[in-house]
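To start, the structure under review is shown below, and the notes come after it.
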Amino acid sequence: MAFSCGENLRVQIFGQSHAAAIGVCVEGIPAGKRVDTQALAAFLSRRAPGRNAWSTARREPDAPEILSGLSDGVTCGAPLTVVFRNVDTRSGDYEKLRTVPRPGHADYAAQLKFLGAQDVRGGGAFSGRMTAPLCAAGGICLQLLAELGVTVGAHALEIAGVRDAPFDPVTADAETLRAPGLADFPVLDASAGEAMREAIAAAGEKGDSVGGVVECAAVGLPAGLGNALFGGLESRIANIVFGVPAVKGLEFGAGFGAARLRGSENNDPYRMEGGAVRAETNNAGGVLGGISTGMPLVFRAAFKPTPSIALPQRSVDLGAGADAELRVEGRHDPCIVPRAVPVVEAAAAIALYDAYLDRKKEL
Amino acid sequence: MAFSCGENLRVQIFGQSHAAAIGVCVEGIPAGKRVDTQALAAFLSRRAPGRNAWSTARREPDAPEILSGLSDGVTCGAPLTVVFRNVDTRSGDYEKLRTVPRPGHADYAAQLKFLGAQDVRGGGAFSGRMTAPLCAAGGICLQLLAELGVTVGAHALEIAGVRDAPFDPVTADAETLRAPGLADFPVLDASAGEAMREAIAAAGEKGDSVGGVVECAAVGLPAGLGNALFGGLESRIANIVFGVPAVKGLEFGAGFGAARLRGSENNDPYRMEGGAVRAETNNAGGVLGGISTGMPLVFRAAFKPTPSIALPQRSVDLGAGADAELRVEGRHDPCIVPRAVPVVEAAAAIALYDAYLDRKKEL
Amino acid sequence: MAFSCGENLRVQIFGQSHAAAIGVCVEGIPAGKRVDTQALAAFLSRRAPGRNAWSTARREPDAPEILSGLSDGVTCGAPLTVVFRNVDTRSGDYEKLRTVPRPGHADYAAQLKFLGAQDVRGGGAFSGRMTAPLCAAGGICLQLLAELGVTVGAHALEIAGVRDAPFDPVTADAETLRAPGLADFPVLDASAGEAMREAIAAAGEKGDSVGGVVECAAVGLPAGLGNALFGGLESRIANIVFGVPAVKGLEFGAGFGAARLRGSENNDPYRMEGGAVRAETNNAGGVLGGISTGMPLVFRAAFKPTPSIALPQRSVDLGAGADAELRVEGRHDPCIVPRAVPVVEAAAAIALYDAYLDRKKEL
Amino acid sequence: MAFSCGENLRVQIFGQSHAAAIGVCVEGIPAGKRVDTQALAAFLSRRAPGRNAWSTARREPDAPEILSGLSDGVTCGAPLTVVFRNVDTRSGDYEKLRTVPRPGHADYAAQLKFLGAQDVRGGGAFSGRMTAPLCAAGGICLQLLAELGVTVGAHALEIAGVRDAPFDPVTADAETLRAPGLADFPVLDASAGEAMREAIAAAGEKGDSVGGVVECAAVGLPAGLGNALFGGLESRIANIVFGVPAVKGLEFGAGFGAARLRGSENNDPYRMEGGAVRAETNNAGGVLGGISTGMPLVFRAAFKPTPSIALPQRSVDLGAGADAELRVEGRHDPCIVPRAVPVVEAAAAIALYDAYLDRKKEL
């Protein structure tokens, strides 16, 4: 199913950007877990648009409403459903996109798939707005993981070629992982963040956009999560992360860099340290054979530049069967990477909590 | 489920390297499709070990036996099961790996997950040998796709830093995609292949190993396959490709490179060409919004170097609770990338045929 | 997943009786299908309470709100979500049920499963109210099936031992199947309906309740739906029908009666009739080997009497660890069978449309 | 998927009666569980044909071969695959069934579904022989359940109208449940068994067949297994039991009889008994709200008479488009109920162990 992910925890997303609502239904959360709705709202606000200079001016209340699944603030075993009402929907902006598809967007592909029946308003079900319910589900998983001592954090590792300091794959700790989420701009090195903001603003002023890389890590993760083959943490995370609009690449640990290492360089040696097994390096990114090793889990997701740009673009008029020039109206983020940071955390959290539930069945 | 993938087509893999057999059960293939078992055997032989200088000396007949699913050579609607009997299993080589885990392998993670109950012989269910049943399922999907006019091909884009000519993401055709599979070494540029072989041999002589990148493409793919979010072709392919042992990265189209482009550079402009819509570039890798655009599908998977190396490595003795030096015995490929080329094709084929079946439900 | 059913069509139900809302998210409906919301509301009203003498006085607007999945009244390919806001929720009535479980209800079993975290208000997720979203999903499937020429209808075959005329398993036609749904009381024989109403009223006056049997049939069903083993229509329908609260039995065709027939009596002979193959009898209930034969599909579901009765009952006080007498307060249907009739139609429609989507993949 | 069942435990069946093999792949069994292969073989022998006067003379070795999933006799976490080689396959007997379908069999329905591509030899994938792999999976689940203190047993409650003593739904114990499986004929009351055998023999002598009812119960089952709606034990068991060829009805506890009871009669009163909650009656059959109550689980499945009978039958010749008389050749059980007894146990065991794994995720 396209709009759902997870195996023990089923996360079913629904909605279109300009339908009555978007939302998510999460089945499989054990009963008796307190959900901190304020913390959830705070997490969601990290993804929300309209907060500052680098994000779209479209303002959405984006207040999550929990329709079901709680009793006195505690999960009751029934599916937990969160909806976000859509407001500020200016449908008139979008109608012509049915005939003149925007380059870099799903418009043309969706037209071919749905034969014109797709909801084109605001990107419909292909809108980046669909990541709000993903974050609602992921935000709850983050709370469930925190209860287990697991911290998941992400940051903008790179935007427009400007790089932040990376997480240290061996020594990363919970505090470091939380830092970008608490900062005004989601980076470890504030000066890199400043340079990123400038690059974003510069692109935006030219009517253009930029992309970047989000790095995500998890610490405190118990060893033994995941499985061989398609049950591996990499497969599970990939399935969700590649479901995030604009993601075009994903790598774990040394990733593509590992392809240029020798085995003797890439293999992470083990050693005993205070009675515990530790790896001296973490090129594996905390996953071997699909299973968590106890080392920090580290991965990076590449985001393409926002396809909605103000600059004129070459497209086609499907009605006229002729070339056409297109100017995308409306207000759009010149870079979605800062807002994508919590989305990647959410995606990872869903995959990891899902794998944790697998683990419970086994033991 | 860890050992299964696909949604309309369920591919259930089973076995361990040194159990009686490994195999795969594929449910969901429409009835009435002729399976060319000779072509399947030929495809499987591309993955088989022991054929030449650059692969392990372990010889396996690896003759697939089709246990069910055919009637007079034609699919009958019942699950198609293929098994490979395991022979040449020298269990004695492996027993100590339960206490001294090999760096870069699943040994330690599996030990923590299965508390010692895992099958350690030959890597058990974590063995690269498990890709044989994946190739059996994928090889059949390749035949089913060919019937639809879809060609899937892959090549070793890079090994040990040596690069082959890439597929052209706009003009790639079926003949080009098939070429590496027909060559002695799976590359487009034979001279690059020669240099790769030398690099592999050089690493092997030192008891070391090298990694690389496999590039895969599909042409003839109808537009409209895939879906939003987790039903996207990227998510579906990623779920399977990351299930292949040793894959640590995956990117589509411009991939990580897209993160450094501007929107005006990365968006692929459309134009009418002989009455058809074409994109002038293909940074999207043939997928927008998770849906095939009709342009070639292009992705690259990064493989880490073979973790089994003859060089001494630092590990731990879990029994003694002390550091230990390890020498991996046995014969191992100093580079698995050439043999991984058909595995990546198989993975892509399963995902694409599965998405094609989705499509049939919709129309 | 407990709250979801279907394979190609995933029907995810959510909510609790006294949460903010109950609802359903249906993924997998092909795009481009017009949904008749008025017809849907009319179908839902057949299940709604408070309409007449034989149903609970609790009044619910039960107006479905479609949150997503439509664009201009037509399915757009994104999941279709319908919610029903909960009003008239008197939580005070229910709190003591956490300690003194009602016989015949889920209270005690849920207490053991959820360790007290379950939502006890109004039966929570175990409430018969959860059949409203099931009917929303099923009502849409009924429309999709109607477009294919399939008619599904049900009636109260038996209530309190009073029997209606059965559907004729060989000659049943669409008009007959529709008749009970159009009648004031869902039977074929109005006089039987009158006797049922009297029996229900008599039981209600004594503070007691009665059960019954719903018979459901589908005509116009193409042959070839379903599959061997667990993909059989019987398995698929059973999975959903047994998910309806209070169902304790299900049989197809001759059902339990077939167990007393000889093979020569039970086998339905074939004959050619106007160039078409027909069965002379239909003990199979339209399903052989799990696959529709083209004959009417016929099944019956047994409903136990409403467990909520006004008469005093023996229970236990889990807090005090002692026997206790219980009187269930509130207003309850003395018989749920009339309102269950459309629920059974809905359950069948989901299973059949799901099987129809399977069929599309195969051809 | 038609050939698979289970959610946490995925049971994938494959094969056709006259293919090289039939078998089953079970994924999701926790690692570290010892499988008693002798006990498994003994369980399978209860289903095997050719053992005595009341079953088909076709002899099959039906020796299960475990291809994977064990290491030193203990589950290793990889899927457990069991195959049964098909021998004694006389394909010549069956070919004409493609044109003259046998009444009561899947022949005609399968022909319409698979358009002639189905494997008709010996019933193909619709053969009762497919219950052997179901029993292999179920037999292992029975062992896993026994380790938890759960006993599942079944008996022929009724054959040809002759009734055995029923299980007592309140006092049934493990010893009683095991008794029919140890007896020469699977009943509690040997004299009833004798009368059943006579009835079977009498029908067989006339070239006819008889059906019956299997009653199954489980004791020692922890309370709290199952869930609301489709996750209920009834739904889960029904999904599997209706997948067994020839099953046409299923009821839990008082079942269809409950439809004629009053609420005051059907509700099972609770009382404290030695500090534990007990129900005084068990009309619920041990399941309320889909969840086990701790009382014995009791259900009954109706089997139609064997459709293969020696008597001449009326059918059609699909090639000639004309009526035809058919005589089914070969040797067939005049009653499959005795051999179906372990099959029903197996079906129940799979559903229950699957629900138990659900439970582990929750706690």
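Some observations on this one:
Chains: A, B, C and D, in written order; residue numbering restarts at 1 for each.
Going forward, a residue touches a chain if its C-beta (ideal position, glycine included) is under 8 Å from a C-beta of that chain, and two chains touch if they have at least 3 such contacts.
Note that this is a predicted model, so its numbers are computed, not measured.
Minimum number of contact steps separating chain A from chain D: 1.
Relative to chain A, the chain whose mean Cα position lies farthest away is D. Chain centres here are Cα averages; for chain B and chain C they lie 46 Å apart. Computed from the mean C-alpha positions, the centre of chain C lies at a distance of 26 Å from the centre of chain D.
Taking each chain's centre as the mean of its C-alpha atoms, chain A lies 39 Å from chain C.
In chain B, the positions touching at least two other chains are 1-4, 13, 28, 31, 77-78, 110, 113, 125, 227-228, 362.
The touching residues of chain D, when paired with chain B in their complex, are 1-4, 10, 12-16, 19-23, 25, 27-28, 31-32, 65-71, 74-81, 83, 110, 113-121, 124-125. Those residues of chain C lying in contact with chain B across their complex are 8, 28, 30-31, 77-78, 227-228, 357, 360-363. The touching residues of chain A, when paired with chain B in their complex, are 1-5, 7, 13, 101-106, 108-110, 112-113, 125-126, 130, 158, 160-161, 203, 208-213, 223-232, 234-236, 238-243, 245, 247-256, 258-272, 275, 277, 279-280, 283-285, 287-294, 302-309, 311, 313-316, 318, 321-323, 359, 362.
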